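Common to both upcoming complexes is subunit A, partnered first by subunit B, then by subunit C.
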Partner chain A sequence: MTLQAQASSSFAVGIPSLTSPLGGSSHRLVVRAKVEPSDKSVEIMRKFSEQYARKSGTYFCVDKGVTSVVIKGLADHKDSLGAPLCPCRHYDDKPAEAGQGFWNCPCVPMRERKECHCMLFLTPDNDFAGKEQAISLEEIKESTANM
Partner chain B sequence: TSPILSWHYPSPLHFSLPHSALRTHRQNSLFSITSTTKNTPFSLSTLPRKLLCQPPHGKYVREDDLAKKLSADEVQELVKGERNVPLIIDFYATWCGPCILMAQVLEMLAVEYENDALIVKVDTDDVFEFARDMQVRGLPTLFFICPDSNKDAIRTEGLIPIQMMRDIIDNEM
Partner chain C sequence: MAVSVSVLTIASLDWGSSNRLAAPSKLSPATSLQFPPRTRKFRFGNTGVYFPSQPRVLPLVKAKKQSFSSFDDLLANSDKPVLVDFYATWCGPCQFMGPVLNEVGTLLQDKIQVVKIDTEKYPSIADKFRIEALPTFILFRDGEPYDRFEGALTADQLVQRIEGSLKVKQ
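What follows is the complex of A and B.
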């Protein structure tokens, strides 16, 4: 609860997530701090995820925390690179990859074979697949509040 | 010298093919293991169900974690040095969802193996050069490194069942 209050108060200060180093929130959170994606990008990627899940006939993970984290990862890359590069990969050159496009969500493996190793879009036969194709902004915020 | 790497389990990997269908198929096969081995011991049945149903705390790293997070220097030193037990390195990224599930599984593994295995995790953004040298691509990636430096290391990509990890440690290390 305390963490959440601190996090929300730091947003209220109005430090843009892109430019604030770790920001005012970070030194109270334990871990090494990463910049939070902007609310706008999170909302965009949230909507995209819902639409694409419906369109592709895939479902979110039973554990919506996984979904939330990936959506935030996509938003973070959208903020920093201009494109939602897959957050579940390591890249030698992120801007180049974002420009090239293979791993921009929805990535080629997903578009061609419905393979999403981020576990964002899961085919119904996948053990981790839930029954939902929707996720609210609140769910995302709650699941990632301690990050 | 860095350990010799080879794809050992479950199928061969060619490092020289970037973004290849081969790599993606391998990732798919790692996932499809879950659907084809419903009756065999697998993480969903061996993990308490509530682990998956609760929203995760979302933290990869807690002070009381058994699997410690290392810096670039620390992990390089560890890999270069000697050890008596298998070393497991977990490469993760901040916003990688499956990496959180992997971290939970690794904690269980750390409890099971105690001092018989050394499990550490590294943020690929922090250990950029090390991740590049180890040719890390998909996340999470695990490296299982033998105490015997003559043996090849084993590498896995994606969320793998805990039983597979036990098998690697028990049989391959």
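What follows is the complex of A and C.
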């Protein structure tokens, strides 16, 4: 408990960043230490996201920080659960959900209705949709550097 | 972290293991955490609100650091409506809302208090309020949920929603 808190605070020393990756504002976003997903999974989910955006005719968010965080969230679940469970939901039992599959990316709402509340895949009419269907590993790393 | 750690033994809760898996919650949804009153503390420091001996609940801009013995306690001790943001670390829209909440919290500081709950650190609280999609915002008034909505929105939209909601008198 306190150990965890102390470990977090010593790890999450504010890494100076010139620009805030998210929201475009100038202040630093500090998130307590979190286990990072493996590079391999991040790369897999990055490629998947690019391919699926193209295939579904959807676009990444104007704020690529959002895209980056979701990709990492998917990678994190892939590491811990074996499947890319949607990171934008709260679950009673994650392993059960991952096994069941409804919320594994691409989830059923996305496949059926192009609804992605993670703001990963956005239809062109969405206010937050950008024009890109590509994101580099470097972009992901930069956007999430202070997490 | 050492600043406001009041050694609060939370009987029958094991927060240490509640990292990712839904820790078996020994909190009955109907009751609030029961703690000896003497362990309650209020501290004024940097920012943030958290439950003693546990990781911080959230960083708040320009907010007092306070420690509460329970979420119910937090709600009860607020003289203003409380906007609670239920989020998760790797949820993109939740992170997007960080700066938005800071801005709105400042803009409406006389009207509301803003609190963020990490649903992975406090799954029992998330369960209690049947949180599903993230982010979910619940506006509490007099300790009870008053308005509830999901998804990311801009600062303007959020202000509109809150002010519109609070205007409706009971």
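Here is the rule we go by: the second predicted complex is superposed on the first by the 116 of 147 C-alpha atoms of A that agree within 3 Å, B and C clash if a C-alpha of one lies under 4 Å from a C-alpha of the other, contacts with A are read in each partner's own complex, and residues count from 1 in each chain.
Criterion: contacts are C-beta pairs under 8 Å (C-beta built on N, C-alpha and C of every residue); 3 or more make two chains touch, one makes a residue touch a chain.
None of these values were measured; they are calculated from a predicted model.
Q: Have a look at where A:M147 lands relative to subunit B and subunit C in the superposition and call it first, second, both or neither.
A: Both partners.
Q: Determine, under the contact definition given at the top, whether A:E115 touches first (subunit B), second (subunit C), both, or neither.
A: After superposition on chain A, A:E115 lies in contact with subunit B alone.
Q: Does subunit B (first) or subunit C (second) touch A:S80, or do both, or does neither?
A: second
Q: Identify the partner contact of A:T67: answer first if only subunit B is touched, second if only subunit C is, both if each is, neither if none is.
A: The answer is both, since A:T67 touches subunit B and subunit C.
Q: Mind working out whether A:D39 is in touch with subunit B, subunit C, both or neither, as first, second, both or neither?
A: After superposing on A, A:D39 lies clear of both subunit B and subunit C.
Q: Answer with first, second, both or neither: which of subunit B and subunit C does A:F102 touch in the superposed model?
A: The answer is first: A:F102 touches subunit B but not subunit C.
Q: Pick one for A:N126: touches subunit B only (first), subunit C only (second), both, or neither.
A: first
Q: Figure out whether A:D93 sits in contact with subunit B (first) or subunit C (second), or with both, or with neither.
A: Only subunit C is touched by A:D93; subunit B is not.
Q: Following superposition on chain A, which residues of subunit A contact subunit B and also contact subunit C?
A: 30-32, 34, 61, 63, 65-70, 72-73, 76, 87-90, 92, 117-120, 128, 147
Q: List the residues on subunit C that touch subunit A in their complex, please.
A: Interface residues on the subunit C side: 1-2, 5, 15-16, 20-22, 53-56, 59, 86, 88-96, 98-100, 102, 119, 123, 126-127, 131-135, 150-152.
Q: Using the touch definition up top, name the residues of subunit B that touch subunit A in the complex.
A: For subunit B paired with subunit A, touching residues are 19, 24, 27-28, 31, 34-35, 38, 42, 44, 52-63, 91, 93-101, 123-124, 126, 131-132, 136-139, 141, 157-159.
Q: How about subunit A: which of its residues touch subunit C in the complex?
A: Listed in rising order, the residues are 1-6, 8-9, 20, 22-23, 25, 27, 29-32, 34, 61, 63, 65-70, 72-73, 76, 80, 87-95, 117-120, 128, 147.
Q: Under the stated contact criterion, what part of subunit A meets subunit B in this complex?
A: Checking each residue of subunit A against subunit B gives 30-32, 34, 61-70, 72-74, 76, 87-90, 92, 102-103, 108-109, 113, 115, 117-120, 125-128, 142-147.
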